[in-house]
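The same chain A turns up in both complexes below, where it pairs with chain B and then with chain C.
For the complex of A and B:
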């Protein structure tokens, strides 16, 4: 997103000729520039940059969050996290979540975007709104609705499955470690699908009509047009869409916290719920003393993993896009 | 009917049916919010209530404190939107139009934080709020919520202001307009679509926010937002399902309405962000 916002020097105030009056007015402009910029920089430094630095400091302490951290434990927190099997399991769940949600969403979104991009199709923006609406609903509230739907009316689905002889006993969908993560994945796909739809529609609209016209004149069929024109032309936008989708899925928290709170028996614990439970306790399955130091160590490791992963992803996808696009 | 006609009709049927099915959980919640407790259990997956029980809404609003949660959510959303718009439009204007010393550093810092994963730094933020004695007020949620969106908003405004013709400002300056007048009378009135885009983005994320209000209202139930209220309600009174569904509708309806009214800006903003 906004990846290539370049500094366009030509629209920026050119250096005015030097004279005492001009210089004074320029200095005043600079002064006011700082004043205009200050609120943004204060928020940025205090609530985004400082916390990144500070969370590194906490990682060396055992601290329950009350008063000042005093019990210095060195690298013990990092050792504990690295040796905690639940950390690795929650990392695994996060990857599984992303591995299912991202490809399914992208394929479905691209297919629907191709249908809706047809200029002769009327009411296209109405259909787009229908499929986009879940995006503007709160994940926490959706979690409540799904929980009600699934845990109370899983019966209807169970009856259906039992009658069809697909299963032999009732399934407690969100309470069964085998199904809970699958339900979260399905809801996750549904909830953020609309973003990818709109992104792909935007990408499709950048493809000039002349290209399709030329392909048609050359006698290209629908499949050939899709394969040789649509796909190559979507590559640049596609890279951004993939990166946004992956980053988004790795931040999953709300849905899991509301639907299962990481349970049953950590079967749906993702990294962000794991960190939350370490820092603030509260999970019934995970009744440990809150330990901000431990949570910060886990956050820091996860943050490093995410940054590393994003960098690798950007490099790989960009070079892929460039090579194939050439 | 020609073959093309048949295909068109079939496409519309498929899109309409799948689109409405896609929103089934929302229809189900809406229908269930008007049912009696008995109907709720016997109706199963049928969303249509046999008769409309509006009392659920009254109960949710008064007894289950959704009225208070609603006001909290409104205050947080409005506060976050106002702060974000003021802060990001000013910063975006300066970054787009003046070459003050240190501009490169500021731009670099802003771009770097765009790529950093957010959310994992909530603990120091919590600690900072504690030290600023803002922990037990809605301000903590507003400030943290706003700071999460300033980088993205600043980028959007910067891009927008850069694209505006410089001659307009030069003309204003020749006429004697100072720095503030140029911004307030020339640039800001021209940036209506961007104000709507950033405003709507911020409103949606503030209204739906879960993690930040969850952490900052842990010990203060009276500061809960709608989303947190719903979540807490499940734990506390886990039997009043129809009331909970009414709470769902109270939470979802305003933001869906706002989105439908302003969706042009939202969708264009998203599309523009990807295309850049």
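For the complex of A and C:
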């Protein structure tokens, strides 16, 4: 401790006084940083910040998206959303989806990452690619294929289950409200767990081998090594993975839209498909008046709920980290 | 380090590529061929199963108009309205398009989406159509013509019967032909026979409700037969019982009767088990393969089955409790098909394609190919139709007649913008069918209340419109109705 302080003091005293030229040079360096950041900031402002601000204005209008909004309705859209049982049902489905997908995905991803991180495993790159493949496959394509699989081969699966006396009647996997959300959850776990796998792998590869060697010399077993070295060393990256996974699951849209479009009778409706259906009508959109104002109000309320949830999540994770640190 | 490609040859190559790109760019709007420039017009529709007819018309049109190229884009039917709206918002609509069902045509006109075609659609041009084809509030707005009728009124839904399945179940007449059901009891009896004779291997009924629309077709077809003229249409002011100017989902007993009938069939496992999750297209393919014996659909089923050489089926429409339908299918006089975009820069060419599509010859080919009925009566002779199922369809054209038209009585009705009511009849049916709604009568009554309230709210916002504009107490359900302006 003392030594470190001394070294730092040395460094500070050894540093020559800042000249005007040096400051200019540093400013130039910073300027370039801003230049590099500028395209991203422009895109962020254009495609994230502006739509959020613009849609806030729409929340006060009844507007079908054609022409300019003119029918001012005040807070009526917010009242309608808050009193709409389908909105709360959709929110419930979104939380159920997240509650199942995040923990299952994280446990699976960590387990597979541990296996793939084994230096003695042959063809590790091949397996890594294999597990990451679903991530780079379009959710729409996955949805269509799964839909075809369960509709065309659903009969065979049902026959097998019936013969094994596991079910007593044919199941319409995506058309039965008792099973449709479960199928979406299963597909969701499979589709994006490659991300978490890669993140965990990256995290595992930052853990110095020396720590494991030292633990082995001290007689630690595999479980102890995992519990006292791997888990603590992964904590920082783990927090980020959890936050990203939760955010990702709350954005679920495409899989639901393609597989069930929120049906049957809203049994799989999540908030994003609910908002989409309000904005553009249902699947029978050619006959239903869309309501951009209502959809914007729903988005705004959902945004607020997510911000609140994220704040709680960060507070909980920080306090957990602090408690463990102490 | 020397490069295998010299700087000069690299620059030469780049210049050649740039030149080729420039030439390609020039050819996208006006295709230069020889000395005569071609004009490309863009055309949008949602005709997937009718694509064969459209493509053939484009071919014939281009032969007759060698200086015009029609670039067709077929959009997904259930997203067509959104895509058209987005195209206008981005100021990039097609030159000519099938008129989307939403927003209302009056709104499309007021938003300046469409071009009045009076310049070309003169009185003499209009005279080729049957009388009363151009009606204010239907295809004419503010005295200007925007579109025109293409097809004659026809039954929009039919019950399709698979001959093979029927024959295997012993459902045949003395001459060996399939015994077609006429009443609700006939349909139930046929279903019972199919279920028992096939040992459960073939489902009596099937549909594809993945888009949440087809279950309502069953209600629509059966409830009309029982005498409820509103059927199960969704959106706009369709689906109303114009005798009272109200929706009657909860107060008209027929709706609950049909729902109970469907539930009874479902509880006996008579519907193909995956019906709620497969698409209409998949259901069509499964019917073709004989996985179920009866399905409800429209004439659009037929071209695809014909392509697959599947012709072993018949169709009936409006099965009713006693055999005689008490209500029919209704439509307006006049009609809508395509319109020219106000943003088009090739209006003469777009009109030429518009005119071609509305020609009697194109209509004749439409009927000959089994796509539907033509607005020109001379094209609709069942004797001239060799394909038996389509001849059956042509012969049942009497089950569709002109119904009351509030917009003709009071053109200000066009301004009535009905807010979407959710859950709608499609949702309610799906909820009942899947057991999520335990009280069908309660759900239907709630839907009726919400829909009528939406109408009342919309009327309040439309100046010069009252609830009386929607009431036609003298309407006889089995006869064509002539709506008089102002009456």
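One rule holds for everything that comes next: the second predicted complex is superposed on the first by the 275 of 326 C-alpha atoms of A that agree within 3 Å, B and C clash if a C-alpha of one lies under 4 Å from a C-alpha of the other, contacts with A are read in each partner's own complex, and residues count from 1 in each chain.
Everything that follows uses one rule, which is that a residue touches a chain if its C-beta (ideal position, glycine included) is under 8 Å from a C-beta of that chain, and two chains touch if they have at least 3 such contacts.
Since the structure is predicted, the reported quantities are computational estimates derived from the model, not experimental observations.
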Partner chain(s) touched by A:147 [first = chain B, second = chain C, both, neither]: both
First, second, both or neither for A:267, with chain B first and chain C second: second
Which superposed partner A:231 touches (first chain B, second chain C, both, neither): neither
Contacts of A:280 with chain B and chain C, given as first, second, both or neither: both
First, second, both or neither for A:75, with chain B first and chain C second: neither
First, second, both or neither for A:198, with chain B first and chain C second: first
Comparison of chain B and chain C by chain A residues contacted: B
Partner chain(s) touched by A:30 [first = chain B, second = chain C, both, neither]: first
Partner chain(s) touched by A:107 [first = chain B, second = chain C, both, neither]: neither
Partner chain(s) touched by A:214 [first = chain B, second = chain C, both, neither]: neither
Touching both chain B and chain C, residues of chain A: 65, 147, 152, 155, 280
Chain A residues touching chain C - in the complex, by the definition given at the top: 62, 64-67, 86, 147, 150-152, 154-155, 158, 169-177, 180, 260-261, 263-267, 280-291
Chain A-touching residues of chain C, taken from the complex the two chains share: 77-82, 85, 88-89, 100-103, 107, 111, 209-213, 233-236, 238, 269, 273-278, 282, 417-420, 422-424, 426-428, 430-431, 433-437
In the complex with chain B, residue positions of chain A that touch it: 1-5, 7-8, 11-13, 28-30, 32-34, 36-37, 39-41, 43-44, 46-52, 54-55, 58, 65, 115-116, 120-123, 127-134, 136-149, 152-153, 155-156, 190, 195, 198-199, 201-203, 205-206, 237, 240-241, 244, 247, 250-251, 253-254, 257-258, 272, 275-276, 279-280, 292, 295-296, 299-300, 302-303, 306-307, 310
Residue numbers on chain B that touch chain A, as the complex places them: 8, 11-12, 15-16, 19-20, 22-23, 25-26, 28-29, 32, 41, 44-45, 86-88, 90-91, 93-101, 104, 106-107, 109-111, 113-128, 143-144, 146-148, 150-152, 154-156, 158-159, 162, 166, 179-180, 183, 204, 207-211, 214-215, 218, 226-228, 230-231, 234, 241, 244-245, 248, 251-252, 255-256, 259-260, 263, 267, 270-276
